[in-house]
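Heads up, there are several structures right after this.
One chain, chain A, appears in both complexes that follow, with chain B as partner in the first and chain C in the second.
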Partner chain A sequence: MNVVGELALWIALPVAIWGMVFGFLGGRERRGDMVLSAERSVYVVFVLILMAALGVIDNFLADRFEYAYVANYSSLDLQTYFKVAGLWAGQTGSLLFWLLLLMFFSVLCVWQNRAKNREFMPWVVGILQGIATFFLVVLLFAGVNPFEKLGFTPVDGAGLNPQLQNYWMTIHPPTLYLGFTAFTIPFAFAMAALFNGRLDTRWIDVTRKWTLLSWFFLANGIIFGMRWAYEELGWGGYWFWDPVENASLLPWLTATAYLHSIQIQEKRGMLKVWNMGLVILTFLLTIFATFLTRSGLIDSVHSFAENTKIAFIFLSFMGSVLIAGTVLILWRLPKLQSENQIESFFSRESAFLFNNLILLAAAFAVLWGTLLPLISEAVTGDQISVGPPFFNRVNLPIGLVLLALMGIGPAIAWRRASGRNLKKNFLWPVVVGGATVAAFLVVGARHPMALATMGTSAFVMTIIVVEFWKGTSARARIGGENYATAFGQLVWRNRRRWGGYIVHVGVVLVFTAFAGKAWEVRIDQTLEPGETAEIPSPLGHTYSVTYDGMSTYQATPTQVQGNLAWQAQALLSVRIDGELVDRLTTEKRMYMAPQQAATEVGIHSVPLEDFYVILSDVADLQGAVAENDPEAQTATFTFLVNPLVGWIWAGGFVLTLGSLIALWPGTEVVRRSSESQGTTRTRSAQPEPAVAAD
Partner chain B sequence: MVLALGALLLAAAVVLFVLQPLVGGQSSSLERSDDEMSETEALRRVRLLALRDVEYDFAAGKLDETDYRSLKRELSAEALEALESSMREARGQGSAGLEAEIAAVREAIGRGTVCSTCGHPNPTGSRFCSVCGSPLTAPSRESDAAERDALE
Partner chain C sequence: MKNGRFMVGLVGVAAIVTYLVWTGVSDTMVYYLTPQELMAKVADDPSFGSVGVKVSGRIVPGSHEEGQGELLHKFLVRDIEDETVTFPVEFRDVLPDTFNDSEGMPADVVVEGRFENGVFQANTVLTKCGSRYEAAPEQLQQASG
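So, the complex of A and B:
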């Protein structure tokens, strides 16, 4: 399998090039046979890449350490589960995995469109295979071939980084990659529309669900990453504005902007150039994210300079996409003119436009903060550090405005909204928001940003609830349905609108959780076994934590437990008002292969807050672990009360629910309804209301 | 040896499968199929949906009566225009159905039987919408006001 796998990569390259060339040529010369040949090449490349990926997994499962990739990311004692996940554990495998997902979506797209949207397909196939060609060139010629051999066979591999041996880390990268690769389809259709000149909203209709799918995967991928950082990295937070995190956030920000701005094009025939620009930008950012995380660039420009080939190929590809996209847009500019103008500052479309500008501002700020250290290092030799304070200072106000727009947008009408109605629609939400702020002030909260976020969240939630209430009660009243049926029918008949609002609820929950950070309690305390620390919660109660003692382990030549060199585990009892609520453990450990220290945290979760404890120091590690001396168990703990953290994960669930509702397959409105073709029927060709655009 | 043979077979199968359309004369279509929306039809759909949105925004209290009336007039005119160009296109293909549809919409707009839930133009005298089943009422000022009040 492994030899066939490598071979498959080499066969895939000419086939992908063939598909790219014949897709474009077939489209230009209008030759259906060439296009069919190109379409078949997509299926072939998918099968070949699948064989290559299975070859890599096979190498992992069979412990073939003669392959550099396996030797670097696996070891004999690694669990089978993580050996399979080894495919995306490191740079080279990730790139192959990226390509596999891309080909999977390409096959889906070609098959889905085998009998429709034919006027787009030659170029779509050409572009998809062009991207596949690029990744194959990277894999085969940039020194990142997962089948590269060491020249000797080590007895055991270096092992997988223990911090990556975690459930969330196994599903986090694939989810993000699904998000990155799914966006390739809207990009391919956008480019195809520029090539064939059909620049109405058709390409947007065809790819709207693809965009949403990509957005949904990106959002979940980001949340999974936060969860991993929170549970595994052991510093008490979930987001550090680390370049890798930022890289995944960037395409999500622009994809969010795009999902909103296409609605203006659909409704009003405006922002056509802008939407094209956003598709190209988002696609470039997905490639950039892959490049940033998988090229070694983030650690330092200098370590990265060792592999200049990969940088050269990536940057040339991104440059070509940018230039080609710009030239195509300029060429089609006459067909991309706006059909309308914004009629009023107070209108849904102007709220959407504002939301777009804000999202792009956020994306730009994040991009700048991520690249600045690298640019400064390249220019001056010194790395300027751009840390969380910069990102928080810039992005908190931006996020707040975005949050407010999420409430304002749905509550105002398309085209124009009159002042009287605005006042009426916003009166109660503003009152509820204000009351929320007042309530927080009364209980002693003073943090301005957090207060603003809480007030705005309440404002947005009220607007969404009122929207649902208006729709449901109208249905119930008009149709004589009971409220539950009316609600279900309401959502079901326009899944796109109401699914979107449910996603908004999820986002509000996440924002509220961010604001909860302002009330975080952090106390460092050194304790002897038997001693108790008192940690006040912002909710009013106090956690009494008793350090019960330490359990230790050290590997000896006769006794080895897994991959652990040693382990010091502190046991703690958590009480509220004298009542035992949980027993937590937190530990420091050292792994053997690779030799690496790690901290495991203890978390006690309730809906409103997490009690989080980190074993930050053991005073006499030698005495405690090596000599197992009961007198040497003095330990320093970091106790944290993290308010509302669980709401991020809850928000993720709600967001998933909303996305699935909006994604749920329905009759696509890309076809004429059958009635309009009959010459004897007089009914209209009006699309089903259930799928009608919001 | 076995490996080389396997590789050769794999490569041959790939080449055969991909080249077959060029040699065997099979081809895939490059035209929009007949039942897919053309640009004019897509425009017509968008215009009708805009009409529906105005109804929804008004019913939800986001538009006041003056704006609602003027927007509805504007959008109806646009929708008719789109329907007419759609008809011109269809006439080229020999379809008479759209002509009747336009007459229906004209009448419906005139008589106010455009469904306020889904925007579907219903024949005169209909009591319920033939697409979504919502009851149809004549858009008298009284009933509009009643509807609005009920929603607030």
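So, the complex of A and C:
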């Protein structure tokens, strides 16, 4: 299987090149046979890559440590589950995995369009196979072949880093990669539209769900990564503005901008060049993120040693895409003219446009901060770097404006909002937002940014709730349905719109959770067994935490438990007002392969806050573990009260629900008369239930 | 409304963001140096290190001392290329799990903080090591031998 796997990789390269050449050639010469051949090559490459991936997994399962990749990321006693996940544990495997997902989506796309959108398909296939060719070249020629052998056979592998042996870590990279690769389809269609000159909204309609699918995976991938950091890295935070985290955030920001700006093109025939630009930019950022994750271009806790060959290949590819995309757009500029102009500052177009500008501004700021060490070194010779203070300072105000626009956008009229429209739709939300701020002030909250976020969140939530209420009650009144049916029908009949609003609710929850950070409490305290620490919660109660003692374990030559050399686990009882609410453990442990220490944290979660405890230090670890000496078990703990952190995960769940509703297949009923009494229609506009319009 | 007016909005947003980024960088930036560069800069200007710097180096094996009962860590960091350039670091927080001062494979670290009176007061200590996610072939060789 392993030999077949490597061979498959080599065979895939010429087949992918074949598909690329005949896709483009068939498109230009209008030769159906060539196009068909190119399309079939997609299936072939997919099967070949699948064989290669299975070959890698087989190497892991069979413990073939003569392969460098297996030796580096596995060991004899690694659980089967993590051996399979070994496919994406490291650089070489994850590039192959990336390609596998790309080919999977390519197959879906080719199959989905076997009898429609034929005018796009030659170019789409050509572009998809072009990207596949690029990744195959990287895999085979840039020193990252997962089938590379060591030249000797170690008796055991180095083992998978224990921090990666975590549920969230096994699903976080695949989810992000699904997001990255799914965006290749909209990119391929956009390029195909530029090639064949069909620049109406067809290519957007065809790829809208692909874009949403990609966005959905990116959002979840980012949240899974946060969850992993929060539960596993043990610093009490979930986001560190690490270059790799930033790299995954960038395409999400531009994809979000794109999801909104295409609505302007669909409804008003504007922003055509802008949308093309955003597709290309987002695609480039997905490639950039893939590259940055594993290249060591910038010091990061994620990336490792530099591989300059791979950097060169990736940068050349990105440069070529950028140049080709720009040339194509310039060539097609006459066909990308705007059909309308923005008529008023107070209009939905305007709100969407600002949302786009703000999202791009955020992306720019994050990119700039991430690349600053490289840029400054090139310009001044000194490396300058910025960290979390910079990113927070710049992105907090940007995020706040974005949050506000998320409320304004859905409730403001298209084209031109009248004073009456503004007053009718925004008076109450503004009042509720203001009342929320006032309520926080009354209970003694003073942090300005957090107050602003809470107020704006309340403003946005009110708008969304009112929108849902208006739609539901209108349906109930007109159709004589009961409210539950009316609500279900409302959402179901325009899944894209209402699904989108549910996504907004999820995002508001996440933003609110970020603001909760302002009320974080941290106390470091050293306790002897039996002693108690008091930690005040911002909600008013106090946690009394008793250090009950330490449970220890040490491997002996005859008895080894899992992969652990030793373990020192502190046992804590958490009480509120004398009542036991939870027993937590937090521990330090040492793994044998690879020899590495790890800290496990204890978390007690309630909806409004997490009580989080880290075993920071043990007075005498040696004595504590080896002699089980209570004297030596005096320990220093870091106690954190993290308000609202659970809302991030809850927000992720709501966002998933909303995305699934919007993604649900099937044609939607387009409503024309009963709900849209719009002054808001234009020639190209798709009528929508414009209940909010005057 | 003409698109021209919109350009004003665009330029406005761009200007505000540029301002945020610019002041953000100038207020929070730190120099990212090697220990050799840090020593050279401090020799030129003794107050240099008090603005905030980030230094990337390697832990001197066996140099890690823990404060009894309090959260204080002291260790030495040396230049990766020139072993003779070292400086002491003090850190009052939880060290990352991959922090390692063993003889075999001392961790590479990035410390950020202030360098004053010959001691580096670190606010953050990040470990960055190739060995964290991938073992070096020599280590595997040892394991097989």
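General remarks:
The rule is short, and it goes like this: the second predicted complex is superposed on the first by the 649 of 694 C-alpha atoms of A that agree within 3 Å, B and C clash if a C-alpha of one lies under 4 Å from a C-alpha of the other, contacts with A are read in each partner's own complex, and residues count from 1 in each chain.
Here is the rule we use: contacts are C-beta pairs under 8 Å (C-beta built on N, C-alpha and C of every residue); 3 or more make two chains touch, one makes a residue touch a chain.
In this text, all values refer to a predicted model and were calculated from it rather than measured experimentally.
Of the two partner chains, chain B is the only one touched by A:470; chain C is not.
By the document's definition of touching, of the two partners only chain B reaches A:200; chain C does not. In the superposition on chain A, A:30 makes contact with chain B only, not with chain C. Legend: residue contacts after superposition of the two complexes on their common chain; A:420 is shown touching chain B, with no touch to chain C. In the superposition on chain A, A:411 makes contact with chain B only, not with chain C. When the shared chain is aligned, chain C comes close enough to touch A:354, but chain B does not. Once the two complexes are laid over each other on the shared chain, residue contacts for A:488 go to neither chain B nor chain C.
Once the two complexes are overlaid on the shared chain, A:345 sits against chain C while remaining clear of chain B. Within the complex formed with chain A, the chain B residues making contact are 3, 6-7, 10-11, 14, 17-22, 25-37, 39, 41-46, 48-50, 52-54, 57, 59-64, 66-67, 71, 94-98, 100-101, 104-105, 117-121, 123, 130-135, 150-152. Interface residues of chain A facing chain B in the complex, by the touch rule stated above, are 3-4, 7-8, 11, 15, 18-19, 26-27, 30-37, 39-41, 44, 48, 114-119, 121-122, 198, 200-202, 205, 266-267, 269, 411-418, 420-421, 424-425, 467, 470-471, 473-474, 477-479, 493, 669-672, 674-689, 692-693.
Taken in their complex, chain C has these residues touching chain A: 1-3, 5-6, 9-10, 13-14, 17, 20-21, 24-25, 27-33, 54, 56, 66, 68-71, 94, 97-100, 110, 112, 124, 126-128, 130-135, 137, 139-141, 143-144. Contact residues of chain A toward chain C in the complex are 65, 68, 71-73, 90-91, 150, 152-158, 161, 163-164, 234-235, 299-302, 304-305, 341-345, 350, 353-354, 357-358, 361, 364-365, 368-369, 372-373, 382-387, 389-390, 393-394, 397-398, 524, 526, 594, 596-599, 614, 616-617, 619, 634, 636, 638.
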